[in-house]
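In the two complexes that follow, chain A is the common piece, with chain B as its partner first and chain C second.
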Partner chain A sequence: MAESASIVNLRRYRLIRNAVFVWLTLVVLGAFLLRIPRIHILEHTARNLYFHVPMWFTLMAAALVSAYHSLRYLQSGDPIRDLRAREAARVGIVFGLLGLATGIVWARFTWYLGTSLWWNFDPKQSFVVIQLLIYGAYFVLRSAVEDPEKRGRVAAVYNLFAFVTMPFLLYVLPRQMESLHPGAEGNPAFSDITHPIMRLVFYPAVLGFIGLFWVLYTQRVRLALLERRLEMRKATMLEAKS
Partner chain B sequence: MKAWLRGFWAVFEKDIKLELRARYAINMLLLFALGALVVMAFAVGPTPLSARVQAALLWTVLLFAAAVGLGRAFISEEERGTMLLLQLNLRPGAVYAGKLLVNFVLLLALNLVAVGAFAVLLRVQVAWPGLLALTLVLGSIGLAGATTLLSALIARAAGGRGALLSVLLFPVLVPLLLSAVEATRSALLVAEGWAAATDELLTLVGFGGAVITAAVLLFDYIWLD
Partner chain C sequence: MKLQALTDTTGIATPYDTLWATAAVPTKPPQGIERVMLAEDKLYVVLAVVLIIWFGLILFIFRTDRKLNRLERTLQERLPEANTELSS
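Coming up: the complex of A and B.
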């Protein structure tokens, strides 16, 4: 087992963290204060665009990061890769849940207005649910294995295996379910229906939330690494005692 | 290559022989599926069901039966203490392929029985039997591919905890389930048929291929210590 040395440049980390906080504060202010065109039914809920859509982008980024580190873990066996894959998945779950929650509420009061529907099998919503189920299964699997090295290997294999099925999901779901999302079949593309001022906030919001993911993720990775070192030190101390 | 093929065939032959001797896995698989179908048929009662619902019920039963019945392929090796022999003597790919074929054969037997019972109990009219058969075969390939890898994973790591397999399996198999249900629905309706199911069949082929390729690549990492 290769031991990783210090993994992050703290100065760079603090710089990026502060930048992300300032950036996101500006994004949130812009999201609520800038005037947007009023569209019937959508009205002010259109502002949810700045929060709901970036969550989805961030989930995808987290899934990519997690799968990448799982692959590298299988190649190298370096425990830090396992920690990275785990923490990316964990933070990804949070963003996925937030994206799902903002999406469900938004859909209920715009798309399904006048009905009592909360859920109508939108392909993108369904995709997120399945992705969350996969990560749920990933953590259940992790908790079932005691030996850390074996746990890392098994979890990495499952993560990659699930990752392979994702493109099929993205292809199959829209064929079977109607989507009301922009850009889906027969719907106008995203860039045609958003006012320039909304795009001015939206793109920075995407960047900002991915930045927030990065901050949380690296933080958790360092925490996990410290916990691991502490445990190892405890183990050697116990050994020395006996 | 020759050694690989011989190893693959030896694993397959051994498992089929053991299975014919004890008939545990196949009996459990069939009785689970029959039991589930009977429970479902009685719960539904004589209400006529749409083709979509019939297809959905059939595939739900097949999926659950596979998750319950196919998990034993590697656990039985662990119990008999023969895991080490396989690891020493054979390439990982040959072991995976042998077990995959065993599971596939078991699934084909399951399909035969389950579809027969299903047609009688739920009063299904099959308009395109060839299409239904092809859908079941293609679906079984993907199902066997995923189940074999994941059951190896559980047997090697988690000491074979039964319910874990379904937790891991179901989210991964959603694309297969959706395409297979859609193709089965087309096979039941006179107005639909082959032309309506082409895309679903291709998806099933692609899914099976991708799952088995990924499984072969990943199997090495769980098989070797």
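Coming up: the complex of A and C.
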């Protein structure tokens, strides 16, 4: 227990976990109960702004955390950094997949209405699939290298590459093309018609989901630390036997 | 049902309609899944989105849980003397 307790501050973890659950409950209540202006085509689905968009902010936050720990791993060679980078990327992918799935459903019943289309190669959607595949390859790469030290280094370098592609795939390229997403064709990313009341829920939602990421990520880190400890115990026991 | 609003292209402009203002607007009443999802001014689309996130997170938590179970089992089998430490 000693190692994982000193690496993960459990008191802080519990405090943030409870705060995140209360916070997100309020966000969901606000998301459904507050009145929003009626917008053509969107109708109530404008409320998806509170759920779909924070998924992407969370993916980016997770990628940032993951890249930070990869960088620190390259500097220090501390295996805990490698473990943290891996778990942040793992939870980030979950949020990315959720963002993708929610986007598909949203578009199907608004802009693709009457076309029976679930997927129409919207540039942002297509690029995000590529981005998630790049992060998926991170785990394939990890499983391909046996030696932990070598695996850590190779994975960290690849992870930094994956992080660097993100702004291009998620911001620069989609904005050069016609897209359903705001920001395309020179539109402002957060348009004037976004009512102040929506910002009141949207920003807390982003914060709440990033907090939720942190909770899930910390759980995985604790789990991975235990796993590591067990491995080390096994190794020392084998040594003692021989 | 807001079919009227759908066919009304003179309505308030949306930030996203540069592409879709010229697209074919459905004129026949929605069928099947669309009929369900368009009810209550498309509120059920939001419900679907929230449920996707909810189930996705639950799935992830269950996977973490399964990993935890496996770890506990390994600990019990391989390092029985660690049990006392774990339960205390």
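Convention: the second predicted complex is superposed on the first by the 220 of 242 C-alpha atoms of A that agree within 3 Å, B and C clash if a C-alpha of one lies under 4 Å from a C-alpha of the other, contacts with A are read in each partner's own complex, and residues count from 1 in each chain.
Following the convention adopted for this analysis, a contact is a pair of C-beta atoms (placed from the backbone, for glycine too) under 8 Å apart; a residue touches a chain by one contact, two chains touch by 3 or more.
Computed from a predicted structure; not experimentally measured.
**Student:** Give one of first, second, both or neither to describe whether A:20 is in contact with chain B, with chain C, with both, or with none.
**Tutor:** The answer is neither, since A:20 touches no partner chain.
**Student:** Output check: A:182 vs chain B and chain C. Expected answer is one of first, second, both, neither. What do you get?
**Tutor:** Once the two structures are laid over each other on A, A:182 reaches chain C alone.
**Student:** Once the structures are superposed on A, label A:88 by its partner contacts, choosing first (chain B), second (chain C), both or neither.
**Tutor:** neither
**Student:** Examine A:205 and indicate which partner it touches, taking first as chain B and second as chain C; both and neither are also allowed.
**Tutor:** Touch status of A:205: no partner.
**Student:** Would you check which partner chain A:140 touches, where first means chain B only, second means chain C only, and both and neither mean what they say?
**Tutor:** A:140 sits against chain B, while chain C stays out of touch.
**Student:** If we overlay the two complexes on their shared chain A, which of chain B and chain C does A:165 touch? Say first, second, both or neither.
**Tutor:** So A:165 only meets chain B here.
**Student:** Now for A:230: first (chain B), second (chain C), both, or neither, which partner does it touch?
**Tutor:** It touches chain C, and chain B stays clear.
**Student:** I want to verify the contact counts: of chain B and chain C, which reaches more residues of chain A?
**Tutor:** The partner making contact with more of chain A's residues is C.
**Student:** Hey, which residues of chain B end up touching chain A in the complex?
**Tutor:** 146, 149-150, 153, 156-158, 161, 164, 167-168, 170-176, 178-179, 182, 199, 203, 206-207, 210-211, 214-215, 218, 221-222
**Student:** Any idea which chain A residues touch chain B in the complex?
**Tutor:** Interface residues on the chain A side: 74, 130, 133-134, 136-137, 140-141, 144-145, 150-151, 153-154, 156-158, 160-162, 164-165, 168-169, 171-173, 175-176.
**Student:** Within the complex, which stretch of chain A touches chain C?
**Tutor:** 28, 31-32, 38-45, 47-48, 51-52, 55, 91, 94, 97-98, 101-102, 105-106, 108-111, 113-115, 178, 180, 182, 185, 187, 191, 193, 212, 216, 219-220, 223, 226-227, 230, 233-234, 237
**Student:** Show which residues of chain C lie in contact with chain A when the two form their complex.
**Tutor:** For this pair, the touching residues of chain C are 2, 5-6, 8, 11-20, 24-26, 30, 34, 37-38, 40-43, 45-46, 48-50, 52-53, 56-57, 60-61, 64, 67-68, 71, 74-75, 78-79, 82.
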